[in-house]
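Order of writing sets the labels: A, B, C and D. Residues in every chain begin at 1.
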Amino acid sequence: MVLAEDTTKSASVTPSLTSSSGLRGKLNKVVLAYSGGLDTSVIVPWLRENYGCEVICFTADVGQGNGETDGLEAKAKASGASQLFIKDLKEEFVRDFVFPCLRAGAVYERKYLLGTSMARPVIAKAMVDVAKEVGADAVSHGCTGKGNDQVRFELTFFALDPKLIVVAPWREWDIRGREDAVEYAKKHHVPVPVSKKSIYSRDRNLWHISHEGDILENPENEPKKDIYVMTEDPEEAPDTPEYLEIGIEAGIPVSYNGKRLSPANLLAALNEVGGRHGIGRIDMVENRLVGMKSRGVYETPGGTILTTAVRELESLTLDRETMQLKDTLAIKYAELVYAGRWFDPLRESLDAFMEKVSATTTGSVILKLFKGSVNVTSRKSPFSLYREDISSFEEGSGIYNQADAAGFIRLYGLPMRVRAMQQHNL
Amino acid sequence: MVLAEDTTKSASVTPSLTSSSGLRGKLNKVVLAYSGGLDTSVIVPWLRENYGCEVICFTADVGQGNGETDGLEAKAKASGASQLFIKDLKEEFVRDFVFPCLRAGAVYERKYLLGTSMARPVIAKAMVDVAKEVGADAVSHGCTGKGNDQVRFELTFFALDPKLIVVAPWREWDIRGREDAVEYAKKHHVPVPVSKKSIYSRDRNLWHISHEGDILENPENEPKKDIYVMTEDPEEAPDTPEYLEIGIEAGIPVSYNGKRLSPANLLAALNEVGGRHGIGRIDMVENRLVGMKSRGVYETPGGTILTTAVRELESLTLDRETMQLKDTLAIKYAELVYAGRWFDPLRESLDAFMEKVSATTTGSVILKLFKGSVNVTSRKSPFSLYREDISSFEEGSGIYNQADAAGFIRLYGLPMRVRAMQQHNL
Amino acid sequence: MVLAEDTTKSASVTPSLTSSSGLRGKLNKVVLAYSGGLDTSVIVPWLRENYGCEVICFTADVGQGNGETDGLEAKAKASGASQLFIKDLKEEFVRDFVFPCLRAGAVYERKYLLGTSMARPVIAKAMVDVAKEVGADAVSHGCTGKGNDQVRFELTFFALDPKLIVVAPWREWDIRGREDAVEYAKKHHVPVPVSKKSIYSRDRNLWHISHEGDILENPENEPKKDIYVMTEDPEEAPDTPEYLEIGIEAGIPVSYNGKRLSPANLLAALNEVGGRHGIGRIDMVENRLVGMKSRGVYETPGGTILTTAVRELESLTLDRETMQLKDTLAIKYAELVYAGRWFDPLRESLDAFMEKVSATTTGSVILKLFKGSVNVTSRKSPFSLYREDISSFEEGSGIYNQADAAGFIRLYGLPMRVRAMQQHNL
Amino acid sequence: MVLAEDTTKSASVTPSLTSSSGLRGKLNKVVLAYSGGLDTSVIVPWLRENYGCEVICFTADVGQGNGETDGLEAKAKASGASQLFIKDLKEEFVRDFVFPCLRAGAVYERKYLLGTSMARPVIAKAMVDVAKEVGADAVSHGCTGKGNDQVRFELTFFALDPKLIVVAPWREWDIRGREDAVEYAKKHHVPVPVSKKSIYSRDRNLWHISHEGDILENPENEPKKDIYVMTEDPEEAPDTPEYLEIGIEAGIPVSYNGKRLSPANLLAALNEVGGRHGIGRIDMVENRLVGMKSRGVYETPGGTILTTAVRELESLTLDRETMQLKDTLAIKYAELVYAGRWFDPLRESLDAFMEKVSATTTGSVILKLFKGSVNVTSRKSPFSLYREDISSFEEGSGIYNQADAAGFIRLYGLPMRVRAMQQHNL
């Protein structure tokens, strides 16, 4: 029986280096990604019971909402943790994870702005730091075996400290669903949250909130109106458009209506105005890394505004082939971020491309928000490649000679002419 | 003086095969792409005068608007043409040019739905047919030397009949701008349109209308409210959303609210409803093939609806890697169409890919139109790869075993682990 | 103990649909990919013992060598199989699997010509047919858990019959290495091959032979001279070059020195001549799909000749952009084939592209074989885009006008000029 | 007549900024890319005669061969030049142009190692420097209107100094072919080289030599044995293989058989040994940027050795996806270099990717040269991702657990299973 149990474990524990069989008694300290909710609270006693180890809880503030960290330390300790570390990662998250993705134009499967995908590596990286600080030999998370987040956490652990043992209880134990968890919690004196859990599975940070589950699991169903958290219903949004100006330097947003703000503050301010106008709602069916499709609803008000702003400015600063290659690589970049491969030389190499290619994406864009839409109305850049003296229907500065076009077309089209001549035996 | 004139011509006439010097007296019949406007009307006497040739006018109906072909024959003849051919290409245009692009997901530089780009090859192809029918040895168009359309016309001529001489008067003659043209028209008894020409340069067909010129030439300027033709101002659009259902078979739209319609009729119906809700306005700075940037405003109401519908259905029918590759190739496909390379084996080969990859993109999508936005609310397909029994948070059918994820992550992340181990000397 | 054993099994059996626990007594008939070697022979009694099922052996002739199927039926039955199916798949293998890859230009990681990768799906497909014929509910193979072949077999099973249970004993049982297997074989009266097994792990078919293991496991070691099977040592190869001509139609080879041959016969003939000249030896470190690197040595004499021939002919028939896109997609195509995703709509869609793009790759190529090298000396095609009247340094036919180049360069370089002007404040 | 002449000029002079008509008397000083051969010698008096300007000659030493610069100054002055600048660019050429391309793996159309393409921008850049130094307002070159080199020169001029007027006499004047040129030279007292010009058109530098023209213009003809300059005939090469070791740091070669050498010296040494073994002969039909196909023969002995060395080392240091993306981008990189777009932000951005992705491509490779072939026999790297403890057929270190493969395959193949289930109505 013990053997069977261990074998089960071997399928769900993810140690980087050692064989996972017989870990009992071999783990000393585990750092757990802890939210205070039921899903992660029950892991605390379970880890202690199954591995005989000390459990250190870790909670990151990535902007998931006010008050979520209040009373968390007491709760963690009541669940059996020896310590709770809380870190405010908001500025690091936006500056080092969100803004590079924004500069890259990374959008997964045409719509998803990668809110959760970008947050996992910054959290996991902080956990590795805590593990080092406290001398932990393992890390743990509360992700299920169906989602992307397990991959994102574990790949970050692999990349940053391959010696760490990874324990993923939700892939391993017998607890199936909420009722089992509540029962287990009560048995182990873990405080059970009084507030009824949402019927939706959600993840929120400064960039976005995601919603999954319940009626969304049928992709034919329209989301109910009450699902949304960060955005006003477009139908209820103001009847008058609002204009705003975003300042950008080398592909990175720096100001809002002329006022320079820190990354996190800039994003927070845009979430407010964007949310008011119903900006950034996305309803999509996406392909998870683990091979299944899932349906999610996202709200990314500020992010949608910023994504539009950077793209529109690029229309002045990038030439045709450069934009095409950047857009092609953005698809790959988004895939890597979605897959949790942040700390991967491939993403870093793509980022070197993106940084260089965005060197002149500096300037400002005026956008108009209105009942769920964001549209550009003006763009300018000191590095603009647009020249009115060339483009104008009026005769220009002499830089562009229309007669050149004849030669251009004849040579550009030479392969087509030669092929046609061959077909016509000319 | 004569020599100088001939030499000038050699830079602007585009013959495929023969040397262009001394074409005077060597052209017998020229087929001219004729709109009845001033720009193409003045070409008729000019061709006759300079080449001593017969001029046959050709006008395609690609849905540019009601009444545009009324009285056209008389006008053409009054300008000196021997004949006017008019062909209704609307169904061919939508079926053979628009819908393949739609299936391919072809969008140029993130926004442009290729309205003019797709119309040029269908018109030029019809001109080649007329040239064959009447035994013409040359073709001519009214495009300037700054735009994309010259390329699109001429590449199609190259591809379909490389023996045809191409004459592009606007790259060649001394007429500079509207006033010169009016004067030349009067001198040659060409009927000058009474209606004052729009301050914008426009191109319209069943798929879209484009606007360029005037204040748009400064990309900082917001378009004036009176520029729009096919769409209602979103601020004036209905306060109540409208839902509609699009039926799709193998990536090609076939029905609207359950009613099967021909391609052109389907598009026309969607233009009406989309236009009413202010759908499909695009304001962009784009890179022309000839190397300059230009700023344009587009209205594509029905096209925007259809583009959304096909994309959303694909979220059910395409897996992750397939969607990524399709999206990457769509960028290339759009580039080729934009560049006028419709009759190019490369586009045709990409189309073979698109046709095959879309074989199961069959089903229907419900969209919600509201004040300028179109959003999906429901999608279904008999070939859907979405399975609620796998994706659900509830325990599923046994197809997906969460324990498998541990092995998946360990192998998927093996290169990252190995690299990290090397870095840590493990 | 039994429970533990079952649990272990749950990690190594790969059923598509049902939970794999407790399969004992639930499998009726298993079709086993059988070679007659020790590795697959021991699976026969093991399957019978562990699942109480009937075992039907299947052996494909994909050109792995003479005499390998002699006496195989007796051997299979002596091991406990109820039947042995042998199928000659040589022509199907070359025609339907090898030649499409050749047309696509598929080469994995710059060097590997996919010999084993292409053979697995044709074998697995035949196994699915046999399973249907005999009413089997499961299939099994002798691949280890470290290699690519397990993936290739199982993905083909998934794609062609998702109801089939897949049993992969080498991922599952306690047999570790050759000695365990010999012991198990003796205990179960399985005939053990008298010939000492090669120190190398090998896979051979009509296209290639691969070698792995032993001293090759250190990538610093040069392969020993006695490892090679299909090719002469270049140092011992003839001192006189040999010329041969390959005829190609639409990207598919059809003849050798003017003689039309069936696909398998053509390849066999080229293996002979190529082998004699030491053509097609490859020594490489490659990335397996399961995330690890491995080192292999391959011999692909005929395949190397054919790959060269098709590529060289394409230099006449493909234009620049088309070749670039084809080469880019060939990388993806090779990845899919390597990964066992033959019966995947993505590969099939890419194949539609490849077929179309190769429509004019018809003609012939003369190659020179000499001491390990194959080089083109002549190529011709009725669809050649090469025109001596254009390319010649002599003044040509008037098709190409050198003065056109000035206009071409000015427009092609316009974005660079505009950028430079902006930098110089012009 | 004057008008006609000016008009002709307007098609062949490539000024960046000003209209080109009426340049006579407006050019003060022209810097001419000068080789001392007939083609560029005749340009000197022609420029003086047609533009009334001072001509400054410029010759770069990029390793085109010994003695080529002897007596050059006297010759240039005898032709009418006021000055000759000679610059040794060999180290800059190899270090800043060749080695980045090598690191990028840039190969044009599968075979061409870009020898001429890389040399043009380094020469043109030096010309811009000279133009600045002497206060020239124009630059000139001796390229024809059919080739790639005109593009490479002129794009570099555009990018580095858009004010410079570009004069391309061979696109412009009436001199047609060698006889005209000789006559013109005699008439203007330009020293005509006594040595009969080769029947081939050649370009040589430290990286390669190219051969075009004469019987090569028919792609069916095998090159004659006497065409080759840098390499021994493989049939005459040594009968004994030679091994050599290349040391590489971050993708850049640094040593040969353990001896560190400067870039130019390293390349020169490898040219010697490679040439002796007949390494690096290429015979190909390629697509020029100006749309035509041409046939060329190249010799790149040292370059072929280095290209092999870097690629083979990467097989240890790059993972699968990274290698695939690098190889895909290498195609684009090569296209840009071939097209003369060295000083283009797109190439520079790709180079940022290449530099980052090559950070760990450090180590050494042993290669075997034998009668025209170069093959790897050994590779090692401190950053190798190859681990014998994982890859071995022997049971390993526990890092890789074979049972993990079952889960990996099930999830990797999930989209295929789901699709098959849908097809089978499961």
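What to note about this one:
Note that in this section a residue touches a chain if its C-beta (ideal position, glycine included) is under 8 Å from a C-beta of that chain, and two chains touch if they have at least 3 such contacts.
These figures come from a predicted structure and were not determined experimentally.
Common neighbours of chain B and chain C (chains touching each): A, D. Because chain A and chain B share one sequence, their contact can be compared position by position; here over half of the interface residue numbers appear on both sides. A straight line joining the Cα centres of chain A and chain C is 38 Å long. With centres set at the average Cα position, the gap from chain C to chain D is 34 Å. Residue positions of chain B with contacts to 2 or more other chains are 8, 10-11, 16-17, 287, 290, 292, 319-320, 332, 345, 384-385, 387, 390, 399-401, 403-408, 410-415, 417-419, 421. Put simply, chain B touches chain C in their complex at residues 10-11, 16-20, 287, 290-292, 319, 321-322, 325, 332, 345-346, 348-357, 359-360, 398-399, 401, 403, 407, 411-415, 418. Partner chain A is touched in their complex by these residues of chain C: 1, 3-4, 7-8, 10-11, 319-320, 383-385, 387, 390, 399-401, 403-408, 410-412, 414-415, 417-419, 421-422. Across the complex, chain A is touched by residues 8, 11-14, 16-17, 109-110, 144-146, 150-151, 154-155, 158-163, 168, 170-172, 176-177, 201, 212-213, 217-222, 234-235, 239, 241, 281, 283-287, 289-290, 292-295, 311, 315-316, 319-320, 323-324, 327-328, 331-332, 335, 339, 341, 343-345, 366, 368, 370-373, 375-380, 384-388, 390-395, 400-410, 412-413, 416-417, 419-421, 424, 426 of chain B.
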